[in-house]
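Chains: A, B and C, in written order; residue numbering restarts at 1 for each.
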């Protein structure tokens, strides 16, 4: 039995209850017992001073790569979970493109157990859509859900076959889980290393047109309309996709979408100089895309902000641009990038940030958390919205160091992360 | 002799003195070679080229026959590229025909360390095997770092390291003269009408080139 | 004194018109050296240059090698086949190993765009890009500029059209930037499937018909059509390409003025260019080859002096003045 916990004197923002008030959050036995003005202090409670901080339902990252099993040199479920907690995340959803692929109940069970052992941010597995993510035979989705999978996705290996996607949406509907698709039309994207446009033409790099994403976004939405299944569009990067998602939502189709912090803050210009830390898939697009994506986060067309945390070994990024792997780490910079890029310029307010990073992910993926209502699990993020810091990858708890934000001054930082009533991260423990 | 602190310029040769000196040099070259047969004057870029052409004209006036004329840019034969950096634009090298068996006289404005002449000898050797190579300089300022000696000298003068000789020629600088200035002084030809050549470099650049041929 | 070009020559896009002009001017006297009986000057005596070719190339490597040898540098050729990935050793390891042997310069040809910049950022030696992926081939661009300047005297206002596979051509990019910086009017002509989608944003004219390009242009730079473009489906057939975009004598004769013909080689005779054009009176293709050596000598020469730390030492040493 853990000690009771009082998060005292913060600004409590909980969009699930339309709450934005100064006060205390009180936790007993791993559950919220009070969130509001003037809470009482239970006997023997641990008190965390939250003055000048925001106290919100814990952030949930619905899209990350923890690399275990297969690439434990790059990240493990344990290091990933601790890095997530350091970024203010109380739960993360791990993509199945591991080695071997998480495409059966045993593999799902492995991730669940490793997550429990990590004893930090919660780790939820996402199962593969197809066996070995090969895009042919549907994986045993029912058994994976039984073992703890919260969604299915062939992320990293986009689903080329429309028939497979249709079947996946129908089958997943049976189990009330979303199908997460990395929208990329493979023949248009083949060999692409960055956004197709003037920068790719100048640098002599093969481009991926936005249409590669948009074509699959509308395909998935139309299949969602046909099947009634829940399609969740991963990491939207193009403004055209936003229009298509809005079109689908306007018609009541079960489509949800996520966007990554880097697509909300960086453009294709970051590739200039062949910086492999600006190489990701989908690629960084233009300033216009960034603006439209920010607006879509504000108006809710995009439901969720997710990191697509993708650690790579130093050597793998230290090479020719076209040969370097896609992706960047995201857990420990996500909050600050969103605060700096969206809240700072008043595109969204903090309530919207919490909605997109906590409430909506819990709702869409049917996860516990996402609320500070009485009786809910005490998954809580405390963050300092004004704290400025300079990104130093050497300080990351993740094994990955690949970030385009190194050396950047950002604002906003998690100071305390609570999972099930237990403090799994406190910034004071990191600082000396 | 001006002191280093004295900013003023000392004139070594004015226009008329320079003309007299060049006439005497022309005579000495003809005398030394017993005429103009097989004689080739090769000026070192840049002001050696103008001096060589003057001397050739003076020889022609007296002998009725002009020696062949050539130009040599020794930049690519220097031994200090790594330390002082490349001269931005290398001047043309133009050796007239075959020089095997010819009697070549290298003409330069100022003889100082001798390194330029060493480079010129190396370069000439790549064009052929002259019977004899001589050296004529307008000013010999001493300070040799190599065993090199001029056959024909316009004027000898002993200068300190902190001094510099600037030779100005009408073709490039508007008027003829030879002046001694402090080493750090701006080039004496600055502001004057620059002559031909494709070089459009700053005066400081040209000064560096001028020193290189000192 | 730092080299007037900086440490490396990676691309023409970042260079100023003054820097490009300097290279072209410097190349002039180097042309003469190749005409001498003894085609060699001692300028780079003692310098070691590695020609690191990750892609097979005969003419560019030979041209660089002539340039290096005529400047008396010691050269080593390293032919590394394939992109580094499958070979185990990474590009950066290859480079560091070479540098540990105390080399002065690396001339690199590599299949990946940006490879030359990648290398230059990681080693102290001067790096010359001899072609990186589909990015740039700066010495080819420079030798094309020199050839055009030889013929027309001035590049300002000159109308040059690049014909062919601009999308995959590093020669095209270096030409576009070089020509634009020197004040020429640049156009491209080719099937739209072989032009970058964003070509309009380059600020150049696009001709869909090679006949129209010929009406406009004073010079055509005809790009090599890589035969694999057909198998990759960018064009239906080489035969059709020649029929629609081939630079033929019949087409050239229909233009009302003479057009200078350049080609970076190697040529596919009968595909992008017909033999009687390549060998015709307006072809300067062999002048390009000759100028290639002079341009590369000029670049080697200009980069060689860029050792500021040595210049500092020289300044403080008595007798440093020449």
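Keep this in mind: a residue touches a chain if its C-beta (ideal position, glycine included) is under 8 Å from a C-beta of that chain, and two chains touch if they have at least 3 such contacts.
This structure is a prediction, so every number in the text was calculated from the model and none was measured.
Of all chains shown, the one whose average CA position lies nearest the global CA mean is C.
Centroid analysis (C-alpha atoms only) places A farthest from subunit B.
Note: centroid distance subunit B to subunit C, computed from Cα atoms, is 38 Å.
Chain centres here are Cα averages; for subunit A and subunit B they lie 75 Å apart. Subunit A and subunit C have centres, each the mean of its CA atoms, that are 45 Å apart.
Listed for subunit A are no residues, as none touches two or more other chains. Counting partner chains per residue, subunit C shows two or more touched chains at no residue at all. Of all the residues in subunit C, the ones that touch subunit B in their complex are 1-4, 22, 25-26, 28-30, 32-33, 36-38, 40-44, 71, 301-302, 304-307, 310-311, 313-314, 318-322. Every residue of subunit A that touches subunit C in the complex is listed here, in rising order: 196-198, 200-207, 209, 273-274, 315, 318-323. Those residues of subunit C whose C-beta lies close enough to touch subunit A in the complex are 13, 83-85, 90-92, 110, 112-115, 117-118, 132-136, 170, 173, 196-199, 201-202. Residues 73, 76-78, 80-86, 88-94, 112-113, 115-116, 122-123, 126-128, 145, 161, 183, 198, 211-212, 214 of subunit B are the ones that touch subunit C when the two sit in their complex.
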